[in-house]
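Input: structures, listed below.
Two complexes follow with subunit A in common, the first pairing it with subunit B and the second with subunit C.
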Partner chain A sequence: MNVLILSAISGVIMMFSSFFIKSKGSIRILAHVLLLAILAANVLELEGIRFFEIDTSGMMVFNRFALLFTLIANACTFLFFLLSSKDMERVGINYSDYFALIFFILAGFTLTSSFVSLLILFLGIEIISIPLYILAGSDKRNLKSNEASLKYFLMGAFSTGLMLMGIALVYGATGTFTTTAMSITGEGGVPVLFMAGLMMLLFSMSFKVSAAPFHFWTPDVYDGSPTVFTSFMSTVVKAAGFIAFLRLFADAFGDIREEWKILVAIIAAATLFVGNITAVFQQSVKRMLAYSSIAQAGFMMLAVYSLNADARDGLILYAAAYSIATISIFAVLIKMGDYTFDGFNGFARQQPLLAGTLVVFLLSLAGIPLTAGFLSKFYMLRAALYGGAVWLVIFAVIMAAVSVYYYFRLIQAMYFKEGVADTVIEVTPGFKFALVTMAGLTILLGVYPSLLINWLYF
Partner chain B sequence: MIVLLIFLVPLLGGIISFFISNDKAARIWTFFVSLVTLAFTIATLTTFKAANDLQFSAEWMGNLGSSFSLSLEGMSQLLCLLTAVLYPVILIATWKTNYRKANNFFALLLLTQAGLMGVFTATDALLFYFFWELALIPMYFMSSGWGGERRIPVTFKFFIYTFSASVLMLIGLIYVYIQTPDQSFALESFYNATMSTSTQSWVFWLLFVAFAVKMPVFPFHTWQPDTYEQSPTAATMVLSGLMVKMGVFGLIRWVLPVVQVAAYSWGDVVMSLAVIGVIYASIIAIQQDDLKRLIAYSSIAHIGIMALTVFAETKSGFQGVMIQMFNHGVNITGLWIVVELIERQFGTRKLSQLGGIAQKAPALATLLVIVAFANISLPLTNAFVGEFLMFNGIWNSDVTKYNILFTALAGLSIILAAVYTLNMVQKIFFGVTNPLTEKTYDIALNERVALGAIVLLIFVFGVYPQPLLNITDGFTDKLLKDININHLLVK
Partner chain C sequence: MPIENYIFLSIALFAIGVTGVLTRRNVIIIFMCIELMLNSVNLLLVAFSKMHYLANSATNPAAGTEAQLFVFFIMVVAAAEVCVGLAIIVMLFRNTHSVDVNFLSRLKH
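On to the complex of A and B.
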């Protein structure tokens, strides 16, 4: 509750801040301070200190899982602020509004990670989506940005409609919105109404997390949006979608897993296939990262498939590992003049430190041991094996091997190819320091994952 | 405790080397680190023989059922010794080779050593997998960063090949882990895992492919000649002298005792593949004009015999394989040193362009001929002991009905080895000198030292292999007890 209220208030503060503060630097500092306050409140709530006691009539529950995820989401957003908030200035003139929208999205995260009632889920998803439509179109004079925004909006509105329909059908079958109180266990058959509602929820959630075959909006939207916001959209937002996905299916539909698990397995396999295979053929790093985010979503789908303790632990770790790595890569990408792979030729010679950290993040995304990315994939594989899908696991690792191809292409360009990489913007020592810290954190989590996962239990 | 040091010293030494900006200093530092590692490894064989010196276990990722456990016994000891011995030799032999950004190259070289030491000592499956990749990644960067003209696609193929295979291995390992009685990645628990015969088959292939790619066994060998050719020579030495042993080692430690039944029932298939590979690689080696490719194919043949023997599952066979792993590592490094010398002096590796060097460079000629004899496993060289034990093992094998056939075909490979090795010696050293080889000069001191050390090892273990046999003796008995398939055999 701390986070929800504070981030909503912060959003409002940021919205009005442009009336009083003219300097962009001050606005940026204000946003950082507010986010730090939210982070502190989040940690305090994890330790049991609540600022607000509000009766939600059992529609939300702030358990450790929800709180830990919001902590990760807030921390990754803070990292995003540190690395890329300066680059947001270049997008347009409404600098403070961008921050305000991001704070509203953060408020949405608390809803989607702690909902018990389907209504809260719906509200959360909408609170996340609407600011995103605006952010996607924030580069107003750029036609591609407009296209991205419109496409995202239309597709998003469509999937929202599906979700509402699904919620209505589930309500019709059970007479309740509370996910934990739907007493349908599958004995003696599942009502058709309930099954239909489940399918619609499954499709609309797949839509939100860009799982195949509902992923078609993703590359265009990610490619068209201003790169700073793509960084945010493709990481923290996606992870939040998966947390909601996992909660929804574990609480409401966990008892009838036998009925839908094959469908989720197929979606996971299709997502892995489409994301990885298409990423191989990309020439632009930005588009490659868009497809890579689909591919990673395929791995996270394994958590929804298996719904066991490993899946929960693993998804938390996955959210952190994937967000840190992708935000950091995007932060460097924004500084580049040329977004193609060739634009990175000879980058290691010019920026040895940045190139070194990028290698760590790419290895993490590819799932190489000693990085957080490996362990999060490991958790997913183990969860799916416990869940009983050997074929899916084998397919997933083959796809992980494919992913090495496009992640390593970037490494090859940076290290082994000659050329003059073109960095448009000067990198500050603070930027470098933040990246090195994140690389260190990626390795630390890859060696001691319990640093993060123990928070779930103690 | 000391077992931890032989892993930590190269690891930390490697990390420090990244920060040494002077090339010369980085080289000396690396050499120093490799000597310290060698000293510690020798100490485990002589002074610190107590069990708690040779084992180390610490809490690590307890919620995953994994712990940081290392152990140095038998085969591990032999392979760690090989790793420790070869590193200084490699560094001496390539002392004159210049690398751009040498500190990074040497750092990666040392990190690979740390990975190798870890692979050979880990007694926890997840830890083993970590080290497996730790050895692979720096190797990829070395080959791709400092290799020949076609290095980028070739080493990428190598990387994708091994990485794909190793993730399949990971699934195999997780699968066995789920079947263990106490949900643990520990080696002992793996040996106690109970699996049905069909499950074992699955797991067997998942694990086997990873090791087969690494060795490489036919038909998984296609990455190897290209990679050997394009990598910088120091990296090739590590690859062929040490990294291929990871595959054989993995079979013996992580496959045979874990999925005993499947290893027995698929034994004939694998042995057939191995023997096909042996003959096939030998015949290709005869056709080669490029020195590096010739040695690469010769290595495939030698490793093929080891893979063949592993699945024969006899005591003398296992001992032969372990000893031969050591000897093959020594011998092939010797051959690579010669290649490096020739390439640096003449700028070519083509046999057809060389000739008549023997008169101008007698020291080089003498040393090469000895190494070449070892490559054909002539008596008095170290390889003879290993090959003899291996053939003996295949011949006496109870687990296959085709033992005589396999022995005969493997024996044929020795004849073929004589053909291509002696052909190589003849083309390089004898015959008429041509304009290219007219101004040949003999080898320098550092190269004499490196080759001399190799030749010394060849003779010492050729005449007196007892120390190697002693190290592996108890280990082999325990291994056979762990594999324990006697109840399956029809007497």
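On to the complex of A and C.
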């Protein structure tokens, strides 16, 4: 509750701040301070200190899982602010509004991670989506940004329609919107209405997290949007979608897992296949990262498939590892003049420190041991193994091996090719320091994942 | 009227909406079809609300009210979505002088 209220208030403050504060630096500092306050409130709530006593029973439940995820989402957003908030200035003139929209999205995260009523799920998904449509189109003169925004909007609104139909059908079959109360325990099998509603919800959530075969909007939208906002929407937002997905299927449809698990397994396998194979053929690093986000979504689908304790731990770790690595890679990418692989030729010679940290993040995304990415993939595979799909685990491992190719291609370009990589924007010592810290954190989480996961239980 | 009639009507409206989104090329018409999808859901929710009320009102006098409430939320969110959507379409029209989605294929390489 702390986080929800504070982030909504922060959004409003940021909206009005441009009337009173003229300097961009002050706006940026204000946003950082507000987000730090939200982070502090989040940690306090995890420790049991609540600022607001509001009865949300039947609507939201703030358990440790929800609170830990909001903590990770807020921390990753803070990292995003630290690394990339200066680059938002180049997108357009409405600098403070971008922060306001991001704070509203943070309020949406709290709803999607803590809902028990389908009403809150719907509101949360919409509160996340609507500001994102605006952010995707924030580069108003750029035609690609316009198209990305329109495409995202049409696809998002369409999948919202599907989701609402699913909710209505499930309501018709059970008479309740509360996910924990809608267990189907009749003799004559699952009602048709309920099954149809479940399918609609499955498809619409797959749309939102860009799982194949509903991923086709993703590369265009991620490629067309301003790179700073792609960095945000392909990481934290996607993780929030998966938390909602997992909670929905664990709470509402966990009892009849036998009925839908094969379908989710197929979606996971298709996502892994499409994401990894298509990423191999990309020439632009930004587009490669868009496909890589589809590929990583395939791994996160394994958590939805298996729904056990490993899946919950793993998804938390995955959200952190994936978000940290991708936000950091994007932060470096924004500084580059040329987004193709060739644009990175000779990067290691010019910026040895940045290239070194990039290697850590790429290894983490590829799932090489000693990085957080390896352990999060390991948790997912173990969850799927206990969930009873050996073929899926084998397939996922093969696809992870494929992913090594396109991540290492960037490392190869940086270290083993001659060329002059042009960084358009000056790299500050603070930026370097933040990046090195994140690389250290990635390795630390890869060695001691319990530092993060223990928060779930104690 | 039996509940089946309402379900068939809503599904029909929903299917018209989905077909429109998938086949039409004019952004404004796609947008209207999405609104049609949302409104068919509203109709269905109200019908189900009545159904659950008639079935359970003896034990629970508040049965079915939450669906009525949900309809209001859908209307509010749809209005917010219309605001943003029309703004995006206007922005696009300013740059291209067209509301056709076919040129979206330009994004692909």
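To be clear about the criterion, the second predicted complex is superposed on the first by the 453 of 458 C-alpha atoms of A that agree within 3 Å, B and C clash if a C-alpha of one lies under 4 Å from a C-alpha of the other, contacts with A are read in each partner's own complex, and residues count from 1 in each chain.
As a working rule, a contact is a pair of C-beta atoms (placed from the backbone, for glycine too) under 8 Å apart; a residue touches a chain by one contact, two chains touch by 3 or more.
What you see is a predicted model, and the numbers here were worked out from it, not measured in a lab.
**Student:** Figure out whether A:Ile54 sits in contact with subunit B (first) or subunit C (second), or with both, or with neither.
**Tutor:** It touches nothing on subunit B or subunit C.
**Student:** For A:Leu119, using the defined touch cut-off, is the partner it touches subunit B, subunit C, both, or neither? Pick first, second, both or neither.
**Tutor:** Only subunit C is touched by A:Leu119; subunit B is not.
**Student:** After lining up the shared chain so the two structures overlap, which partner does A:Ile134 touch, if you call subunit B first and subunit C second: first, second, both or neither?
**Tutor:** So A:Ile134 only meets subunit C here.
**Student:** Figure out whether A:Ile262 sits in contact with subunit B (first) or subunit C (second), or with both, or with neither.
**Tutor:** neither
**Student:** For A:Ala401 in the superposed arrangement: first (subunit B), second (subunit C), both or neither?
**Tutor:** first
**Student:** If you stack the two complexes on chain A, which partner ends up touching A:Leu36: first (subunit B), second (subunit C), both, or neither?
**Tutor:** A:Leu36 sits against neither subunit B nor subunit C.
**Student:** Counting residues of subunit A in contact, which comes out ahead: subunit B or subunit C?
**Tutor:** Of subunit B and subunit C, more residues of subunit A lie in contact with C.
**Student:** A:Ala168 contacts which: subunit B (first), subunit C (second), both, neither?
**Tutor:** Only subunit C; A:Ala168 stays clear of subunit B.
**Student:** Taking the superposition as given, does A:Lys151 touch the first partner, subunit B, the second, subunit C, both, or neither?
**Tutor:** After superposition on chain A, A:Lys151 lies in contact with subunit C alone.
**Student:** Which bits of subunit A are touching subunit C when the two form their complex?
**Tutor:** On the subunit A side, the touching residues are 119, 122-123, 126, 130, 133-134, 137, 140-141, 143-144, 146-151, 153-154, 157-158, 160-162, 164-165, 167-169, 171-172, 175-177, 220, 223-224.
**Student:** Help me check something: in the complex, which residues belonging to subunit C touch subunit A?
**Tutor:** It comes out as residues 3, 7, 10, 14, 17-18, 21, 27, 30-31, 34, 37-38, 40-41, 44-45, 48, 51-52, 55-56, 63-64, 66-67, 69-70, 73-74, 77, 80-81, 84-85, 87-89, 91-92, 95-96, 101, 103-104, 106-108.
**Student:** Under the definition above, what is the set of subunit A residues touching subunit B in their complex?
**Tutor:** Touching subunit B: residues 313, 363, 367-370, 378, 381-382, 385-386, 390, 393-394, 397-398, 400-401, 404-405, 408, 412, 415-417, 448-450, 453 of subunit A.
**Student:** Could you list, by residue number, the parts of subunit B that touch subunit A in their complex?
**Tutor:** 61-64, 129-130, 133-134, 137, 141, 144-145, 151-152, 156, 159-160, 163-164, 167-168, 170-171, 174-175, 178, 202
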